[in-house]
Amino acid sequence: MKIGFIGLGNMGRPMALNLVKAGHELAVFDPVPASVQALSTAGAHAATSVQAVAQTHGLEMLITMLPAAAHVRAVYLGEDGLLAVVPKGVLLVDSSTIDPMTAREVAAAAQRQGNAMVDAPVSGGTGGAEAGTLTFMVGGADGDFARVQPVLARMGRNIVHCGGAGNGQVAKVANNMLLGISMIGAAEAMSLGVALGMDAQVLAGVINTSSGRCWSTDTYNPFPGVLPNAPASRGYTGGFGTDLMLKDLGLATEAARAAKLPVAMGALAQQLYQGFSAQGHGGLDFSAIIETIRGKAA
Amino acid sequence: MKIGFIGLGNMGRPMALNLVKAGHELAVFDPVPASVQALSTAGAHAATSVQAVAQTHGLEMLITMLPAAAHVRAVYLGEDGLLAVVPKGVLLVDSSTIDPMTAREVAAAAQRQGNAMVDAPVSGGTGGAEAGTLTFMVGGADGDFARVQPVLARMGRNIVHCGGAGNGQVAKVANNMLLGISMIGAAEAMSLGVALGMDAQVLAGVINTSSGRCWSTDTYNPFPGVLPNAPASRGYTGGFGTDLMLKDLGLATEAARAAKLPVAMGALAQQLYQGFSAQGHGGLDFSAIIETIRGKAA
Amino acid sequence: MKIGFIGLGNMGRPMALNLVKAGHELAVFDPVPASVQALSTAGAHAATSVQAVAQTHGLEMLITMLPAAAHVRAVYLGEDGLLAVVPKGVLLVDSSTIDPMTAREVAAAAQRQGNAMVDAPVSGGTGGAEAGTLTFMVGGADGDFARVQPVLARMGRNIVHCGGAGNGQVAKVANNMLLGISMIGAAEAMSLGVALGMDAQVLAGVINTSSGRCWSTDTYNPFPGVLPNAPASRGYTGGFGTDLMLKDLGLATEAARAAKLPVAMGALAQQLYQGFSAQGHGGLDFSAIIETIRGKAA
Amino acid sequence: MKIGFIGLGNMGRPMALNLVKAGHELAVFDPVPASVQALSTAGAHAATSVQAVAQTHGLEMLITMLPAAAHVRAVYLGEDGLLAVVPKGVLLVDSSTIDPMTAREVAAAAQRQGNAMVDAPVSGGTGGAEAGTLTFMVGGADGDFARVQPVLARMGRNIVHCGGAGNGQVAKVANNMLLGISMIGAAEAMSLGVALGMDAQVLAGVINTSSGRCWSTDTYNPFPGVLPNAPASRGYTGGFGTDLMLKDLGLATEAARAAKLPVAMGALAQQLYQGFSAQGHGGLDFSAIIETIRGKAA
């Protein structure tokens, strides 16, 4: 399939590479020339602009992977933006993580131009992007989901249809807010149990067979040494950075504000990660928040 | 085995009944005569006092199931309390949910008198007590755990050894604090996703295969209709009452205070349940806290 | 002085009227014709557009009073916006409450066009606007402050110079975040003391001569009956609406996010007011938040 | 007047000294001999036990200043405690800071023995104790207040009658909870304003004439350099220690739990100070909490 790909950063680059490896014909662009070069070497066509990607002859699908809503707006809705130049019928896929309201606004504008659009934010980090094991949370019409599913499946393992336009973003923001909360909950519970004299492994074992069980205790336990493969057991390197969690919690609390819904735990979690990041730890895996509870952070 | 059982309330009565059914000889006491009568009818020996239970001829084990630490102190340590009258060698088992510090203090006093003691708080509620499917979190020496295990197994399904004296209480308080936090997290995430336009079932499905997954979403989801057997789908009746969760969060934050450990999420969860209870909803299942987020509570 | 005034809502209308009464020549505009009519009747010149106000012959100063940052951007920076048409040298004054970043961006754009600009958000509510007793928090150069001060003094009593461009907004957002926090603190303290048996008036008296003293206890006490003139003593009508407090807390937490500064109490306060508003009480004075603590809200 | 004084720690010693200086005859006791010696040198009679103080010939009033509720219970209600030996008619005054429930329980027991009792906790710290400028918050009957007032006035400047027994403790716990909240609120607001570009002195000036005004901004501002005499301007030494604030917040949240009253801000404040103390800063003035917001703490 002929696919355009715009945005070749830490996530976009390995995702696009996986599409090339799967045999798709890619036209790619990124403002950083080195990123374009890397894809070009792998066999993709290096376009010279957003517009050039959109006007690639025979284009069937166009994927964007951008840092934030402002970039999505600019790339799609700006003067000379994608919607002004892309041929009708090209299926648009935005994999950026942005707020649901913007996702819906852009999708509606695309629809008016004659282009179907789905939002398809991912989870799984750069490791998942490289391994092709990302989770895609997809918002869009049934037929459009059917068209993108096989393409996304070359970049990810778990492709979930979440409903209409914007719902991919909704699912991601809701899931990650809960993740941000339960990680701190896990950190408080593990720290409390150990402070009161329990062995961390034994405590994790009890919780994981009880009602406190969660992904943050059984798969990604923040206490060092409990899970050999978790970031906690390698100095909180790699994994999902605190500043990325902060971005998602910012989207969640902003969405809650727009929906006038009280999210006291989500907002408190945001501030606790913010304090940790302000101390200079924004690059550590988010499970390192446990250090603020155990008194190890500085 | 000849077993004493003191405390025949909503939890203690069905627990003791399961021991009688399993063929154990029970001597029982409770200040409420009707509770004693119920066990007596089932075949237990009705004792007339705490002391009488302790002095039952040939007693091998003595189980207590009491409302709070003050009762445990009074029954064990008071003048004429259990430790003053129970023969050396009788194994003491306290299944009350109390703070770890008191549990350890009483166990140490028992040890000095020549009686081994384990703490064995339960989770699973009155339903689990009746069905014999409770979880017991046990703190005590290895040999003592080996002795109580077969007895507890007639009242529960999951008998977990958590380490030395008091660790059963530690495990319970840590697990339940995390449960209290993740339930509100689940309630915020489900409410936010639905407010932003997602179907509750679809959202739960996404979360349950993602990093937000927890017992509060996959087994006990607070959103009405997601899980047919959860309290949320029957008006939040039955289940684990808000006021019981409040008791456990009170134990958790007190233990954290003694340990000088910050538990911001645990403390906020406590206050949110407290507000809900103060509005008159302390008898509802704790997952009903979602009503304060969705704006349905009054 | 010849002054333009754009934005004649609940706040802008009485403010503009006070300028007319003070003898200034006003050219006014608002998209709602009735609002323009009211000023016209009082002696102002009714302009037919934003542009017409800006091009009033001999204009010396132009004041805007708009709902939110998006409106400020549109009115100043949009195509055909103020900056495109206003003559160099006219002093621009924005009294809207918006985020400091936008305020600084607009001021810098004005500067580039040859127009000095100050931000001058107010506090004091519609009552203060009518009585001419508003507080103005002004950000801008010393000379510009000197020029606006006598004009603002016809609409307010307290005209404070907070430093350079944007600092008026900074001062307001910081002050109001603290206000939002201390009001809930006052509500919790008053409710706790009364629940424990103290008379509300006596308790307020003690606090007001002690270290808990704050504007929310000595001037605007949230407990009914303590201060006869406070909203609490008239059913929480009038005053400063919960939804206005919510707007300001939203600005504060967004600014803190941009500055990467943890504001746990500010964020929690925001969510508590948000829950109260979601229950339908957004129109009540913000001190009514005490009802969620005393268990009176529904 | 002949007065007994039990408890000669950092607070009790200077308080007792002020009574001696005022010409009262004192009989004193403390388990630390050096403390007794200091008073004896100043002219007080050194008693050898709590009981000896109580049985001093001609005793009219007996004041206690003890660390916590457990000590108050032991000294008054224990076997051989004060109530067992003090002559009827001696007026009992407890200046310890404890929970209102215990204060009322001890006062009721005293009443049954024929001794009137008032609770009279103080604020003002060791500096106030030495200078005789403490604030006393007094709970007790009108006639008893009238009797203690002149005595307390030799140790303090502000003697406030808060209502019946226990109300002194209620007033203190309510006031100090609000203080703990508004100090963090002040710290967040000052830090936010400065991070956004304002001068700290100018910001404090604006807040102190606006609705954010509180004791924590106008008398004890936590930002270094704003008030030359505040602990913030001398490295947060002296003043009111973080661990003392923690003790009071513990009393407040426990009292709220007993009263089933949600105090979300009070509980969050407690955890924030707890985290600061756990990092080793419990001895710093509580306004140093601002360092956790500005990212200066380690």
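For reference, chains read A, B, C and D in written order, and residue numbers begin at 1 within each chain.
As a convention for this text, contacts are C-beta pairs under 8 Å (C-beta built on N, C-alpha and C of every residue); 3 or more make two chains touch, one makes a residue touch a chain.
Computed from a predicted structure; not experimentally measured.
When the partners of subunit A are compared with those of subunit D, the chains appearing in both lists are B, C.
Among the other chains, the CA centroid farthest from that of subunit B is the one of C.
The interface with the greater number of C-beta contacts, when B-C is set against C-D, is C-D.
Averaged Cα coordinates give subunit B a centre that lies 38 Å from the centre of subunit D.
Between subunit B and subunit C the centroid-to-centroid distance comes to 52 Å (mean Cα coordinates, whole Å).
Rounded to whole angstrom units, the spacing between the C-alpha centres of subunit C and subunit D is 39. Each of residues 256, 261-264, 268, 272, 275, 278, 292-293 in subunit A touches at least two other chains. In the complex of the two chains, the subunit C residues touching subunit D come out as 100, 123, 135, 137, 158, 160, 162-164, 166-167, 170-171, 173-179, 181-182, 184-186, 188-193, 195-199, 202-203, 205-207, 209-217, 219-220, 252, 255-256, 259, 261-266, 268-269, 272, 292-294.
Within the complex formed with subunit B, the residues of subunit D that make contact are 250, 253-254, 256-257, 260-264, 267-268, 270-272, 274-275, 277-278. Subunit D meets subunit A in the complex at residues 264, 268, 275, 278-280, 292-293, 295, 298.
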